[in-house]
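Just so it is clear, A, B and C label the chains in written order, and each chain counts residues from 1 on its own.
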Amino acid sequence: MEWEAVIGLEIHVQLATQSKIFSGASIAFGSEPNTQACAIDLGLPGILPVLNESAVEMAVKFGLGVEAEIGMKSVFERKNYFYPDLPKGYQTTQNDLPIVGTGIIEVEPEEGKIRQIRIHHAHLEEDAGKSLHETYTDDHGRGMTGIDLNRAGTPLLEIVSEPDIRSAKEAIAYIKAIHSIVTYLGISDGNMAEGSMRCDANVSVRPKGQEEYGTRAEVKNINSFKFIEKAINHEIERQIELIEDGGRVKQETRLYDSEKNETRPMRSKEEANDYRYFPCPDLLPVELDEAYIEHIRSEMPELPKQKKQRFIDELGLSSYDAGVLSATRPMAEYFEQVKDRCNDAKLAANWVMGELAGQLNKEGLDIENSPVSAQQLGDLVARVMDNTINGKAAKQVFAALWAGEGATADDIIDAKGLKQVTDTGAIAAVVDEVLASNPQQVEQYQAAPEDKRGKMVGFFVGQVMKASKGTANPQMVNQLLKEKLG
Amino acid sequence: MHNKTIAELAKGLADGDFSSVELTRHFLGRIDALDSQYNSFITVTPEQALAQAKAADETRASGHAKALTGVPMAHKDIFCTNGVLTTCASKMLANFVAPYDATVVSNFNHAGMVSLGKTNMDEFAMGSSNENSYFGAVKNPWDLKAVPGGSSGGSAAAVAARLAPGATGTDTGGSIRQPAAFCGITGLKPTYGRVSRWGMVAYASSLDQGGPMARTAEDCALMLNEMAGFDPKDSTSLKKSVPDYTEGLDQPLSGLRIGLPKEYFGKELSAEMSDAIMASVKEFEKLGATIQEISLPNTMLAIPSYYIIAPAEASSNLSRFDGVRYGYRCENPENLEDLYKRSRGEGFGKEVQRRILVGTYALSEGYYDAYYRKAQRIRRLIQQDFLNAFNEVDLIMGPTTPTPAFDLGSNSDDPVQMYMEDIYTLAVNLAGLPGISVPAGQINGRPVGLQILAGHFKESQLLNAAHQFQKATNWHQLAPSSGE
Amino acid sequence: MALERSDVEKVAHLARLKIEDNDIPEYTRNLSSILELVNQMQSVDIEGTDPLAHPLDATQRLRHDEVTESNQREHFQQNAPATEAGLFLVPKVIE
């Protein structure tokens, strides 16, 4: 039977505020345990929360970025459960009236295949602390868990999708799109390694063509792009196998173990929870007005979707290229700088997506850490454009820039003598030399029928380029060879 | 000295009749000598008090004294006091030294007042008799067989017995007004949002409000001047300017319209109580006020509404007491669940556990709409009753309680009977209104309280009416013989 | 509305309260009578009445986003039942 996966994602995005959502403690990552947990974060008796204005602003920015309805009145509720990293015994979150309502995100998981993923809502909430399962022991030698509440109270925007995703690949495309929007907006650093974006996936399977959803399992603890695809694929396979073996999927929470590449039921979530949501009496309804929304709208940067469209309409790029180049803010900024420097969008796109992306990929680097700056690459491309160097030499210059052998393309071109020779006389001399030293090949060429000659000319081109150390203009070499070989 | 009011003590300090150190020593001496019979204090802080008194005397000597600089007082043990035990009368917090000051506490510190210590209360402010204290019941200074009321029973008893000239209280369903009535003192519950809740251990966040307890309305006004005000740390605190409450104290009452809700004079009110209240109302008539009957038709619904909302909020507010970061932790927990269940089961008293259970039930799946949401809707009806009434009258008056103080142990078997004690006070918290209880008679040696209610933020009007009444009567001047 | 023993046990578990077996009948009775009291609400017609969550019709005030708190770990952990290396310790948590 053919199966179809149905996936909904809950993405927790840590907002890039200075202070926590309800307290004035810092949210900086990596401090000593509990040094950034103030009285409010610790849930001391008598403490009260006051909402951070930046968190609200960032949530609204996100909402506008995904064309969502903004909740003009949103309400914080308490989600009650006991867990040692949850200091108050409840999480302050939004439930009935979230700050961001239904929205939509367009993704292109593969070239030409555009998918619309609906966002159910996004809401603000506080993060919990961290449990450290290291080897602490009590007086009786029993294992203890250490609790660090530095992260408690960090503002999160939880973005909940509709179950519109049909494969792990689409899930990745969706998460990348969210990542791109939040980093474009500057509302999160999007750093998955530090937990700034965490993802839970609701996965179910159904026979292809069936309307009704299957029973879903929630997979938690997926925190890198690499593992998302694996974890989801693993869970899809597990469910299909289970059903095909006559079993049934249990509605449960499963934890992804990246070391073993498997999911297993979470013991702490075994019992059905009754979270007893109710409006937090320590906080009042958050009311926004049109003027506030308009003000934020006026300060919105160009988002990936608009940028992509502009790349297509104004720069003449293909939809796929425009999508790749607008996917992340650093990528788009890099590309635009190269383009502005060389004044040719298509050539700039080829270089950024080709030579640069290949090399970055090979060395596992992000574009932000590229050894070749956008200015350097832009100048290099400009030299190709104005025929100072040919394509082959350009690759040499790029390699030299990458290796840090020179500050600018021009320096390297000069140092290596890569300037393209466009002087007909000089090239003709080299051509003559090559022909003179390869009489046998000339003879073979001239004896060959017309349709074989095209291929054979390549040999002479290669020899001429070699003799000119790659500086001869290839078109001119071709031209002269054809003339002289007759 | 201890028979003087706060206003008189402030004047005595200003006139140099005595120093704050002398005054503080005097009250500390009384606590030492007399409190064993009342149990009104959980913690007395003589060293800190004398240090504050000394500092207050120095401030005065340097010419920087404020209105209440050097006057002693006490805090209900629900307010966090930096470096001092803050127990909420619970085993759960029996060893909890608050690491910060409540806004109310820092306001009084800033005013130069001297804190004598922390007063006893019903555990986590849950109770109407002060019998629910881990540190033992408080006795009513007027009759040691009687309860002082609750939950601010320690503050009320301490003020009544002249162990402190004034004290802070908190009122969630009557916890300032009812003990004030039972102990024959004056207690004001301000409008919700008037006094900061920062550092006041929460019972039911949407109902809790701190307020002053003293012998006279004038003293309450003096204390409220220091307590009230906007606090950026409390989201429910209101950004509204605070008047000088003493300035409004000499307004004539002629033309004042007073409403008597017929529902407050039903069959549960004894004839003696009714007579005492009506006699007080007559005093207001003599002062020029007009009296009319009004109706608050949903009064009886305040009890069910309150006893869902308060426990629901409490069940969540008290979840933080889990034995992890502070507070009581059970011996030798086997695992995490055991740690939670025994720490909470052993650390909380019965009434607290009852309310947590009721609140948890009311919020649980399948019951939320039938209980919590319904209670919040009824809450609106109750508030609407009051707002309608205040279109017709300026003040509402009635008894603070259905009976004078009852005997210790008489209601403790039946929580529902105990809840009925709060019938006249609960609705005020649901509606967020200010209310005051003033001494208005005695029945068999036990005081009777007259409750006066006003519209939101009309504390000045309340205090003025109470003050005019106290100028015309002497109930507030009577002192219990146990304190002599 | 009379509660069953099992209702009390379920709610006690949700609230993480250990209730002694011999106290359960009393709690069951108490809670039943409290629920009976609050059930007076059920007959009231509240059609069209909005819930009132706060006595005053105010809206949430926003705090300026700045770091105002500094490290007070030692001060706050003085009340902690068990700590090590700056962490609060609890019996081992199994995820």
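Things to note:
To be clear about the criterion, a residue touches a chain if its C-beta (ideal position, glycine included) is under 8 Å from a C-beta of that chain, and two chains touch if they have at least 3 such contacts.
Only a predicted model underlies this, so the values are computations on that prediction, with no experimental measurement involved.
Comparing per-chain C-alpha centres with the mean over every protein C-alpha atom, the closest match is chain C. Distance from subunit C peaks, on a Cα-centroid basis, for A.
Each chain gets a centre from the mean of its Cα atoms; for subunit A and subunit C, those two points are 41 Å apart. Once the centre of each chain is set as its mean CA position, subunit A and subunit B turn out to be 57 Å apart. One simple way to say how far apart two chains are is to compare their mean CA positions; for subunit B and subunit C this gives 23 Å. Annotation for subunit C: residues touching 2 or more other chains are 14, 16, 53-54, 58, 60-61, 63, 72, 76, 82, 88, 90-93.
Taken residue by residue, subunit A touches two or more other chains at 39, 42, 44, 50-51, 82, 84, 147, 149, 274, 276, 281, 283-284, whereas all remaining positions touch fewer.
Contact with two or more other chains is made by residues 96, 99, 206, 232, 235-236, 315, 319, 322, 324-326, 336, 340, 360, 364 of subunit B. Within the complex formed with subunit C, the subunit A residues making contact are 17-19, 23-26, 32-39, 42, 44, 50-56, 82, 84, 131-133, 136, 138, 142-149, 255, 266-268, 274, 276, 279, 281, 283-287. On the side of subunit C, the complex with subunit B involves touching residues 7-8, 11-12, 14-20, 27, 30-31, 33-42, 44, 46, 49-56, 58, 60-61, 63, 72, 75-76, 78-82, 88, 90-93. Within the complex formed with subunit C, the subunit B residues making contact are 95-97, 99, 191-193, 206, 232, 235-236, 238-239, 300-301, 303-305, 307-308, 315, 319, 322-327, 329, 333-342, 344-346, 348, 353-354, 356-358, 360-362, 364, 370-371, 373-381, 383, 414-416, 419, 429-433, 456.
Residues 39, 42-51, 78, 80, 82, 84, 87-90, 140, 147, 149, 274, 276-278, 281-284 of subunit A are the ones touching subunit B in the complex.
Of all residues in subunit B, those touching subunit A in their complex are 79-80, 86, 88, 93, 96, 98-100, 102, 197-202, 204-206, 232-236, 312-313, 315-316, 318-322, 324-326, 332, 336, 340, 360, 363-365, 368, 372.
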